[in-house]
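You will see two complexes here that share chain A, one where it goes with chain B and one where it goes with chain C.
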Partner chain A sequence: MALIWAEGFTGEKALAPLWRRHAVALARSQDRSLSPSDRGAAIVEAEDTKIIYDNTVAEAEAALAQTATREELRTHALVVGVGRYKNAGIKALTTSVHGAWAFADWMLRRFHHLNRPLGSVELILSPSDSLGDWKPSPEAAEKLGLTDGSSTTTLPVEAATFTNIKNAFNRWLKRAGTHLDNAAFFYFSGHGLWKSEPFLLPEDAQIAKRIEGFDNLIDVQQTQINMFNTQPSVQCFFIDACQEVISQLVENPTTRPPALVLWTPANAPVIPDRDAWRYEGAFPSRKAFGPADSAPFFTQELVACLERRGAAPAKIANAWRVTTSSLKEALEAAWRWREEADREAQGIKFSTAAPGSSSTTATLCHIQGSPEVIVEVRCHPATAMPRAKLFVESGGVRSPRPQPLPSPWYTTVTQGDCSAGAEFEASAALATTPENFEARPPVHPVQLMVQPRV
Partner chain B sequence: MPLVFVHGVANRRGETAEEQQVFDNRMMLIGEQFRNAAFAERVSATDGLRVFTPYWGDLGVKFARNLACLPQSDIQALSASQPQEAPLLEATAAILDADILQQAGVETAPLLTLARRRSLGAAVDLLFAGAATAPLPGILFDEATIKETMPEVAQFAEVTERYAAANPQPEWLKSVADDDAFLDRLIEEVTTFKSAGAPATGHAPSAEIQVLGIGDELKSFLGNAVGAVRKVVGAVTGVVTDVATKGAREGFIAVSGQVRPAASAFVGRFVGDVFTYMEHRQPIIDLVLADIEEAVAAKREGDKELYLVGHSFGGIILYDILTHFRPDLDCALYITVGSQVGLFAEIGRLADKKNIDAAFNVNAESVVPRPKKAERWLNIFDSTDFVGFGTRGVFSGVKDFRFETDALPLVSHSAYFDTPRFFARLRERVREAFESGTD
Partner chain C sequence: MSDKAVHYEIKITSVHVPRSLRGVRLPFEIIPQEGEAKRSLITLQEKHTETESVKWPGSYLVRTVLPSGQLIAKTTIVPQPTGPKGEASSEVTLDFGEYITVAEANEPSILETSNKYLPSRRGAVKKPSRIRRMIWFMKRGVSADPRVSCDYGMFVRWSPEASDESLETSSDALVIKPIGEASTSLPGNIEMERHPGWTPNSREWRPLLMRSRFSLPMFGTERQEALLICPPSHHPPPLTLLPDPDPGVNSNAPSLLAYSHSDDGEVDLLFSYVRGGALDLARQLAPRMIERAQEILQSKVSNPVNATLAAYALLKVSNTERQDWVRNLADWFEHLSDGAIIYGWYLIRAGKAEHAHKYFRIALTRGVPMYSEGVRLLRDGLNFLRGLYTENAQVQADATRANRMAASANLDSELTCLRLGKGLAVEFNEKAK
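And now, the complex of A and B:
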């Protein structure tokens, strides 16, 4: 089981502490250094705590189903992070698990939707030995019921093997599918591959060698395609993994993808208004990456866009919302901004895919407070760019581009009145007048007309 | 200031995108080995030595019937339908000899066979000759990936050369079964060798960046070379089937006969390109000078010295530039490899003929001084390279060095830059040149 939070289940019914009690007892029951009687007691405790946890989960799922019958919409998240791999040829990771922690943490603490608040969070992790179990932030721990006086306890969760991921996926989708207009968020971070479509690697992924073939790879694209007639109508996948091609895939003689789906189509009619997107931390055949001691770059930018940078251009009912479209646009600009601002992020490139067709634009969340806007500044003609010292001014503060470059400049400002301009060395004999504008999210393009200086 | 490498005669990018990619990748790898091996000690700029490789092959000779007069051998016929494989074919065939071709297992594990029979260094030469010339599958290596991977390949080549020099016959050669296992083990051993030799910096490492993928571009790149070499050797042993039954001399003649067309093609292009240059120097000079000007403009802190390196006729082009077309050009080090500068000085065919003749006419033993603005000059040749000449007795202010490519004499002229040993030896000669000069 991996359900760590459900709406309304707090205090003694909080799921995370119940799961933790079971996980700790289970670990003790497998500890061969304990005496037989202690292990025996631990086995009994593990069974008892599992029953309590399972019963509470069943209650939670029934309550969530009731919520749906009352036409109250909810967002349900499944978060998977893989950093430990059984296959010796696959390197351990820490950034991926930091990514899963960061996304789960954000969902618990900061996710905000006026009409479709958070309903549940399911979490599956395979942290590397160097990382250990998740220790949530104080605010998230409090929401999970994991605070113990002034300290936070860790939360061991189920390992991210293919079977565990598939089982969790099925449960999550059924839970989210209790209402057509619910939203289902699937987040994955770990190793990934690509051969005409992306494949994800769970903990027990097997890479083809002379003596064995591929096994346990996740065919995420086909999985999404297979959800064409499965509720809910809003299905978002956030995938922070490489999409690189390896020779073993190219040489593989199978005609069908060497990967397995997490979901097969049910016998149900096609969902007429479906908004299904896959936001990816890499471009086909390219890499995703991140610092060993924090979330990968895509996850960092994803959270920033959901939190404040991905707003749609217009407020609705006095609220800024992040839609599937505005998030796509924001992420496309975010990697460009990040690549220039952060030397270590050189080479990142995000992408999006809409499996099948997407016939509407759903609201994913609402931004609290004012959104940030990504401003794209360029000169016309483009030949002036390498000599242009660009700047933007927002709230009375001028922010210059660190150095002139031939590519457009992406920077962030607070939504509202701003200006953008360029200065040139005298030898360039060029000039432009600043452009005043009201920065509209998610990405506001500014073009500066450059003239020869008379 | 950076480095300008001028290729010699008979270098052509090819007609197809695949051939051009092979050529460009070879140039890129040569450039990276200059950066990461030969000149690594001289440059402190954070982005390293800038390398320029002007291509003047399109200005060379054009054959009316595309060298139809060349007799074809079976080996050349192997590449007829895949012209992008021709350089790989020639580079691989150059390193094989009758003795190796007679060894059991050479067809399926040529690198391992060569390592066991001759030395690990010989196998490393073959591996990197293959790496420099094997076409790369586009699905695995796009332009960006190649550019990212080449520095790593060059750095690995440099360490592998040192490892092979220190371990000519390591014990582990006995326990690996095939060339794929050979490569895996070589990478492992060289990585350990490198880590063992790395000095402690005393600084805390910066935050590590992790890649969310399992690809290993270096291993893929070299693995591609292993597969390509195996394929070529398998094909070569297929056509040179009677080598195994011949003695050493007959075997040598048989193999030489197979690579002779490549040598004849080279001679044809050499003669053609020389005549073309003699009749129309200016366009070639202008093209090369454009890159030299760019190199001069690229001067920056940590990379201030201009190095001019010419292979074969490229050495002559550079000599003409230094003495006639741009005698004002400051050059910290001029290097000629397998070049004919001495020969062309003696036959009066360099652009600076007037001054050369004047220098020769002083007395019976007088020599021509090194170009005024070239502070140092190294001249390198393989004694089996029949178009690689010395400078002794013709020029002063230059040091001659022999370098054994270990390639077949007919084709050793093209083999200098395909072996990491060359860049390692060059690094030592460069160091000496700057410590003691070349006077």
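And now, the complex of A and C:
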């Protein structure tokens, strides 16, 4: 178990320090360089600290359930990052673990919801040896209660094996399910595969070889389908994993999908107005990727959209909010923007799915300050695009497109009045009038009418 | 003058409306700077203006999403009233300009071997009143080689029990065998005045199964065969075949996308929104569509295919209050499997999973669903039941079959499009060599 944060549990009851004490003692108990007596003492300490941690977690879960009975809503997050794989055939990753760190850090530091604040964060990680344990940012460390004054505070957590993920998933859904209108966020970053549906690879995933079959793959699609009658009504999966097609999957002769679900089905009526989405860092058959030393591109964009770029078009009660639907729109534009703006991000393509969803209006979080807007600029006729030097002006600053391209241009501006236009070489004999508009989030399309120059 | 006496409005004019959207009632959002959006349906006609009232002066965003997923939006400012009658209005023109529909966006140039071929509503190729045997895909205006040929095959009743189980367990190939005397093979070069599965009594409608042989060298596809399912209709079906621009998604599936459209623009629009994930707009259309679907089903000239499309969409965006008409869709049309799949899912969503298997089983005995959505729902539904009834061998076997069907299907295709041919593992190995 690695429930690292629960609302109201601070100071001596802060979960992260309790877990760390246990994890450190457990590691010492397995350190063969220590004397038998030291190891024996460490075993005792590991057992004692585990009891303290477990009791505190039980107390926290009871308190969260009480919160629900008072009709107070909460958001519960489960964050999984896999970089280390036991199977020698699966390459280790670093960006995925950076992604899980970044998302957990964002949830702890920046997540903001006026009516459904953060209730709990559970973190499961299998970092590659080169990365080691999580070093939360000072602000996150303070929120976690890891206030030892060190800039290198680390937090070891449980390994992201299939069993650990499944157990954590069940605990997380139970916590989140204490109220119909709570929200449950599941973030996963690691390897993934595709065979007519996506599969996720935990640390102990087994890819089929001549003498052994697939094992421990996560069937995320069926897991979500099985949750159609499970509280809470807001269930969001953020999956930053490849969706590659590999020969072993195509050749696999078994008729069942070679993957396991994290949630078993129950025969009960559907949750009304269920808002269940899966936002994915890769399109089927494609890879998700990112820099080795920071979060994958999808996670970067996801955090940016949740924080400032994915607002719905209008404020409600004077607050900008990110909804399941506005996040979908924003992410679909974000990969296009990122791909053009960042040479390293060539080939990214995000996707979304809504297995069994029936609503799109849930507010995932609120934006603090002014939102950004992704502006999509195109010319009519489209044949003018390769010659159009596009620009947008916002706050008196003109931002040009680096080079003319045939495809629409996606760029970002601050919400409010701005304009978009295009200039043409004299030889093109084309002209257009700049268009003034109030940029509304998440994505504001602008079509410039291009005329022959008279 | 008090605000109550003032009438604020926005006049919305549409220009350059694509043919495919003319006459369609498209859902719009009229969004103030603060507060909930007003949602409205606007009938699209070229240079047609509709007036929508709003509550306050200020900045509004008028926006909609086309079936292709393309967003169109304009901002406008409703002024303070100045006239003697206390009216204030603003105008906004939505220029559809370069925005095109899904099929138009994916459509390769097609050599018109006959000038009788005309663009259909979706920008597809359709020959009025007749379907020709050959549909030719061309590189954009370069090559004159035929790329795809379609044999209009047969429509039969499938029997899962007749499948060759030894083959099924040896590879990923989906094995479906026609049975009995109901099999009717049509010569490959037949010209059809109407859909062969059509009868005056729509309860006897059958889907048309088409075997398509094609090569798409520009997409790296050589000599594939696909089984396409073409829904019956009162009028000759406009069928669009397109090369899949992303064939790597499922290498088990054919690199071919098949689209059709019903003769009901609003049903098509609703289904497009659901397929494209624009669920908020689909929800906007849903309330009137429930009434509409029942009418479609129970009118003298009933159309189970249009009702099926509406039912797929409503399953996605609405709750389960009214199921009678969906049950009729499942029970009345004994050659169409889609209705049974949808009703099976309604039962699951109502917490009556114990009755759902019966309908999924009926669907399997009726054959292949007409729409990829049905293939997907059949797989998901039976996998759900498999997890629930782990000891039920029949559920396990049926789930296996549904998984196999889905693994052979190009789920990006609107109409069901299954891959035929050798064992897929064999093909994959051959390709790898």
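Throughout what follows, the second predicted complex is superposed on the first by the 448 of 454 C-alpha atoms of A that agree within 3 Å, B and C clash if a C-alpha of one lies under 4 Å from a C-alpha of the other, contacts with A are read in each partner's own complex, and residues count from 1 in each chain.
Criterion: a residue touches a chain if its C-beta (ideal position, glycine included) is under 8 Å from a C-beta of that chain, and two chains touch if they have at least 3 such contacts.
Owing to the predicted nature of the structure, the values given are computational and were not obtained by experimental measurement.
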item: First, second, both or neither for A:280, with chain B first and chain C second; value: neither
item: Partner chain(s) touched by A:344 [first = chain B, second = chain C, both, neither]; value: first
item: Which of chain B and chain C A:307 touches, first, second, both or neither; value: neither
item: Chain B versus chain C as contact partner of A:189, first or second or both or neither; value: first
item: Contacts of A:289 with chain B and chain C, given as first, second, both or neither; value: first
item: If touched residues of chain A are counted for chain B and for chain C, the larger one; value: C
item: First (chain B), second (chain C), both or neither touched by A:266; value: second
item: Chain B versus chain C as contact partner of A:247, first or second or both or neither; value: both
item: Overlap of chain C and chain B interfaces on chain A (superposed complexes); value: 245, 247, 250, 285-286
item: Touching residues on chain A, where the partner in the complex is chain C; value: 194-196, 221-222, 225-226, 228-229, 245, 247, 250-253, 255-257, 261, 264-270, 272-273, 283-286, 313-316, 318, 325, 328-329, 332, 352-361, 376, 378-382, 437-438, 440, 443-445, 447, 449
item: Contact set on chain A toward chain B in their complex; value: 89-91, 93-96, 189-193, 201, 207, 240-247, 250, 281-282, 285-293, 296, 344, 347
item: Of chain B, residues touching chain A in the complex; value: 137, 139-140, 142, 144-145, 148, 207-215, 220, 223-224
item: Residues of chain C defined as touching chain A within the complex; value: 29, 31-37, 59, 61, 63, 69-75, 95, 97-98, 168-172, 246, 248-253, 277, 279-280, 283, 316-320, 348-354, 379-380, 383-384, 387-388, 399-400, 403-404, 406-407, 409, 411, 424-425, 428-429, 432
